[in-house]
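Think of it as A, B, C, D and E in the order they're written, each chain with its own count starting at 1.
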Amino acid sequence: MTSDTSRLGFYLLLAPILLWLVVLIILPHIGLFVVSISEKIGPREYETGFGNYAAFFTEPLYWRTFARTAIMSIVATALTLILGFPIAYYIAKLTRGRTKTTLFLMCMIPFWVSELVRTFGWMILLRETGVISNALQYLGVVDGPVEMLYNDAAIMVGLVYTSILFMVVPLVTTLDSLDDSLIEAGYDLGGSSTSIMREIVIPHAMPGIVSGCIVVFMLSLGNYLTPILLGGKDSLWFTGMIYTQFITRFNWELGSAFGFLLLALSSLVVFVGLKLSRQSLTETMGRT
Amino acid sequence: ETLRLLTWGGYAPDEVIAMFEAETGHTVEVTTSNNEEMIAKLRATNGGGFDLAQPSQDRIASAQEEFGIYKPIDMSKVNAELFIPSMLSATAGNTTYEGEVYGLPHVWGTSGLVVNTAVAGNVTDYTDLCDASVAGQVSYRLKRPTLIGFAYSMGLDPFAAYDDTDAYQSILDEVEATLTECKPNVKTYWDGGDEIQNLLRSGEVVASMAWDTGGWQLNADNPDITFVAPEAGALGWIDTFVLPARGRADDAAYDWINFVMQPEIAAMITNTAGNFTAAVDGDAGVSADLKARYQGSFDQAAIDNIKWYPPVPAGLEALEGATLDRINAAN
Amino acid sequence: MVPFLPCEGAYLSVPHPDLVCSDLTKDFDAFRAVDHVSFEVPQGSFFSILGPSGCGKTTLLRMIAGFQSPTSGDLRIKGKSMIGVPPNKRPVSMVFQHLALFPTMNIGDNVGFGLRQRGVAKSEIKKRVEEVLERVGLPGVSQRRIDQISGGQKQRVAIARCMVLEPDVLLLDEPLGALDLKLREHMKVELKSLQAAFNTTFVYITHDQSEALVMSDNIAVMNRGQFEQIGTPHDVYHAPSTAFVAGFVGDANKIDAKVIAVNGAVLTLASEGGSEMKIDAPSGGLSVGQRAQVFLRPEAIELATGGDGVNVSGGVVESVLFNGANSSVTIKDQSGNLLKVALPQTGNFANLRQGDSVFTRWDPKQARCYPASGN
Amino acid sequence: MIPTVPQPAFTKWCYRAYVTAFFIYLALPLTVVCVFAFNNSVFPSLPWEGFTLAWFFGTEAPFIGVFHERAIIRSIGTSAFVAMWVSGLAVAVGTCNAFLFVRHDFRGKGLLYVLMLLPLIIPGVILGISILVFSSSVANTLEDATGMWFDGLRPGLILVILGQFSFITTFATLVISARLQKFDPSLEEAALNLGASKWGAIRQITLPFLLPAIVASAVVSVLMSFENFNTTLMLVGSDSPLTITMFDKLKQGSTPVLNAVSLLLIMVSAVLGMMSLLFQSRKR
Amino acid sequence: MVPFLPCEGAYLSVPHPDLVCSDLTKDFDAFRAVDHVSFEVPQGSFFSILGPSGCGKTTLLRMIAGFQSPTSGDLRIKGKSMIGVPPNKRPVSMVFQHLALFPTMNIGDNVGFGLRQRGVAKSEIKKRVEEVLERVGLPGVSQRRIDQISGGQKQRVAIARCMVLEPDVLLLDEPLGALDLKLREHMKVELKSLQAAFNTTFVYITHDQSEALVMSDNIAVMNRGQFEQIGTPHDVYHAPSTAFVAGFVGDANKIDAKVIAVNGAVLTLASEGGSEMKIDAPSGGLSVGQRAQVFLRPEAIELATGGDGVNVSGGVVESVLFNGANSSVTIKDQSGNLLKVALPQTGNFANLRQGDSVFTRWDPKQARCYPASGN
């Protein structure tokens, strides 16, 4: 109880988190930045400069892919929200007891297997010789095989699938905490379903919506497998580009710059999202 | 000792490993990969993490120059008699950097066309993949062999331009235009050997630029599908043995090299990988079917027309990369 | 957009009670939560439903509000049947147990919610919100967040939110339950005066008898889904019509006894311990030999230093509970029965100590007596 | 909208239909993956060629079952090894963090908390490359200076473990903090009051109370580690965890062996998930 | 391993109070939560600290338990100073406000916890746990989980968990605060009898005057960190030594007035409204012209239909609060002052209605009077 020992305890608790954050997060990102501002001018020769960033802005391929990735991620986030909200609402407000637990668990199932397996499943379903194409032919809806793989829609399906859980869970949590009597009070005061949704339910669910959207957006933006495996020849993804720079092109410098830009983009979108919805990172993410 | 082997799919069949482990007492851990990733991994580890790697011979000298990730071959530990002398010396020539030899030949083969002749018999050259008759049913890799194959097919000579950056760039520009135009024809760009085989086998793809071995393996199941040496010439490659700079099990690595180059073992590898090896008498034990398929694809003219990859000068891949990116991005 | 303006005009000539429930019943599967309840609440009165936890009060109230539909029976407000009318179309408003103020809105928006739903113009809403807040004694708070006001103020905001809609009937589900003791005492009085000021019909449910007694014009005492008695607070306290009401409303000594003589209205009973007592009260048809329960309020018993007469007995002080004005003693009579007796507020007997001998006396008219039931 | 407010039957019906469709959407890919593990064909696709267990137990090429695929068996071991370490480290550090954030007030706490949350909004690939780039440059510097080799700083299991740990710890911290927040500190005081030492109180009262959260976060860490791809991809050396091996195989083209592995994975993680949930609800 | 066996023997000859606090003070930064508090608690007595929320009760108790260290002052238990002794080494046990039963242990393990810390043998622990559970009236529950028993039972388990250690002093921090009304009434009586049975010194804090009055041997009334009065319940209620105590303990009418004459012990005052009153009580040295506060309990005022004399005045009934035995009326006198008057339990005046005229009368000895303070 004396202040000496509690000081010691405090520092003992402080040490691991500092070690973790400094050694694994902060220093590596500084390192990444340092590498991103070194330009390669010959074999094993480098000099400092913003050439890599310049390359990004002068090469349309790079920034287009960047924009494309951002836009598709935002679309995927919006889709996930639209598809997930009714489900979360159903689980939180329209079911009780065992049914509720079961449905909630069922939402978690995809999370329990790796993204690779999920994506693999979609490949089996969507490919030209896949299950859906065959089923449609069998039902006589189409006469020949249909290719549903290798396009942006397939990517969307995969992204939404991969991330829906991260939308539904925080939504269920926040909606659960919405007291039924608030909704009843809304009706009692003459509200309609839409006005109650708009004025009571959604404002209450805002922290869940925001935290769900942040997580889904981050997952989509940083996704690699889904666009690679489900996407077609035009489906470039910025993470794939980073991978290419690091692995195929051995160009760590440009890859680092890309990485930093992606980081900046994600921080920016998250920041803007938080500002627009008047939420704080600590409050929304702290409660997931 | 544990031998950590970084190689292509099919180059280290389980039965061979079992025999090797039984004979030498080493254990083998295999990581399958491709040229780019092999180099990338070794670069990231600064030449560590693996004890033996198998990139293609054209990609060794430049990587060594840039990253210094390999160590020279100690010929005294290699049983040179197991190697076909011409290949040994050709590889030595192409993988010399600052007077040291870094590579030994292992498997060789070609890239060309794999075609379902029943539906796409008209595809006989790389550029035929862009023909309207096979629209949406074509595949190739978005990698440098495709650029080079198309260049030859378009009447250009990319290898000759290797040392002239500007000339090479203009070749690339032409190829880029063609491939960009060809893009709507492509179903998907393939990545791994089995992937393209699956696409061809299921009929989703009917013509493709691919490795010869894939074509021959498919031929066994479906006689309509086979490897076709393109009119402009197949692209010849040799995959090698190299020692990562910081490999820890050199002895095991040399043991492995000497073991797999024995004729019987080489034949086993040929039978699984589908490609012939640089082992003396390696083709003796190879199945007659495979030989027949090889002969069906390559007549003497075609063999003479094989374009063997010269070493890639440093810096060239950056140009190619940019071209590939632009093709990828084009709409 | 204005579905329930107070129904005046045509109806005014016929003096309807505001709320009429007839034979209202609600079953949850096999369990009957509300059992053939009938009552009427006249316009402008304060009607309380008092009963122990789980007796069905909330279920009844929610049927009136439209959140449960009755299994059978009818429910009329201002003469119109409400069966099948959704909650947002009924001319009733409800103050929820935990108030259910919308935490995402400020006070003005909370109070204005109902008017917004009716499509009232913004400026008009603002005016009426200010007005009603003033009437509940909270002028100028409309910009505050709901966590910036105290519990008692929240209470008033919840009422204002309902009253701004001018409902025919205001329903209140134990709205004081969450407040602390002192505040509850205060709000009891305040609620009653708000009701008087608005002159709206209040239907109030509670399990706290003191709340019901203090505020109501009429009280319905509910037990196991049924109404046991409906009456004024005075009736319910002084003339409970069942043993349950006698025991539940107010403090009472309960004595198990047997009738040994009936003489007109006067019963003579013997307690289990053997002491005899006389009761002059509605007997509920008790006859000699029947077992009965006698209820006797602590304040109905007088202490004396000696004497005899009807219902006088000597005893010994078992314990003294000093509690200011509410002090009491427990007295054990000769036959071993314990009797709780309120100490007179005059300060007499304030020096009584454990073990002292003392006499008790009570008026035969002050006790109530019911046939012993199963429980 | 809620059960106590009556709704038109049609609305209710549509809503249920949507929910049903949604759960079919959720189940479909996994079901398909599992079903094709039993297809007697070398492709995980139609037509259905009959039932076989060869993709589990087969020994004859091309029907080599999971249990005879060296690469897969080895990578499962690698994954398990990585997951154990990651989960152990993440839970340990997460527990410390929880105590730090819940029990202590200090300058810069808010900032540190935001930093702690940061890994949630850093894409996994970036975490991977930043650690790769940083550790490589440290290794290069050290090696240039000392002439020794620092293999731990090169791609390999250590970096994979650190990479996964770097963001999984955030989850562990959040889960454990949430529980610690619910802990009534007067319980610890009660223990002290009853004669326990400070550490004794934590050990006997606080940690048992945290146990459900600790177990839950350990399980979640294991699952996250097992399925992590983005970060691992950049840091992997010669020993690749299961997802990487499967990805390599998938790129090569796929056989139903992958379905078989997936089926096993689904089963194991379902069991793990159930266990952690059961544990949590029982210990509530 | 047995650091605090009850200190008998040597000490028995010297009759120490169990707990002595002298000039105990606690500052939180600039804020003084406990301000020079001194008191003694004799062995085996029930000592309550009564005060409004935030007055520093918990802080004081936590200093005794060792969770806060005093800024200054001394604190002795059985004669030994406790300054610097860590909480786990003090011979006091504490029952926490929310009981702080360990949810991860069953009841037996909860009660045995302290003995385990002392390293008592398992079989011995089992025996003593059973014993103490029996003493608190809960034999055989040791295998149950704590969520399997009721609130009142939990209360007793919490006490058993402390008592098994035979502490010199048991501290209780509003242990009834979380219980509902009826249970609280019951536990009040039960706690007192448990204390008598164990004959242990209890230090009990509460903000509920009725708890303190019913249970305590002595009450300290605390306000803003200071003790305003220490005395028996009777003293505190009937002879409050400060205005704060008079207002806080029990219900009282508070009248602001001015002294217009002093005649020995009898003061004559004029209320703000102008009515005159006579008070015969310790005056606290009031002199003519000084402003004063007069406290008058509702039950000290008599109702009459007419008459005159000392402190008699006519008024009109402003409102009637019917509340059974605790009914009261508010009466407005001619000068507009409102006076709350308890209705006699005899049932007289039960028919009083709003607007009726009535007279009030009170004994000059029943009022208390203090100099007006700043607030």
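Note that a residue touches a chain if its C-beta (ideal position, glycine included) is under 8 Å from a C-beta of that chain, and two chains touch if they have at least 3 such contacts.
Since we're looking at a predicted model, the values are computed, not measured.
Between C-D and B-D, more C-beta contact pairs join the chains of B-D. Taking the CA centroid of subunit E as reference, the farthest chain centroid is that of B. If you average the CA atoms of subunit A and of subunit B, the two centres end up 37 Å from each other.
With each centre defined as the average position of its C-alpha atoms, the distance from subunit B to subunit C rounds to 91 Å. Separating the centre of subunit A from that of subunit D, both taken as means of CA atoms, is a distance of 16 Å.
Contact with two or more other chains is made by residues 66, 86-87 of subunit E. In subunit D, 4-5, 45, 132, 254 are the positions where the chain touches two or more neighbouring chains simultaneously. Multi-chain contact residues of subunit A (touching two or more other chains) are listed as 1, 127, 129, 184, 187, 246.
Taken in their complex, subunit C has these residues touching subunit A: 3-4, 65-67, 86-89, 92-94, 96-98, 100, 102-105, 113-114, 116-118, 161-162, 165. Residues 4-6 of subunit D are the ones that touch subunit C when the two sit in their complex.
Interface residues of subunit C facing subunit E in the complex, by the touch rule stated above, are 181, 189, 208-210, 213-214, 233-234, 237, 249-251, 297-300, 321-326, 342, 344-345, 350. Residues 4, 6, 9, 14, 17, 29-33, 41, 44-46, 48-50, 191-198, 201-202, 246 of subunit B are the ones that touch subunit D when the two sit in their complex.
Contact residues on subunit A toward subunit D in their complex (touch as defined above): 1, 5, 10, 12-14, 16-17, 20-21, 24-32, 34-35, 83, 86-87, 90, 93-94, 103, 105-118, 120-122, 124-125, 127, 129-131, 134, 161, 164, 180, 183-184, 187, 193, 196-197, 214-215, 218, 221-225, 229, 239, 242-243, 246, 252, 255-256, 259, 262-263, 266-267, 270, 281-282, 285-288.
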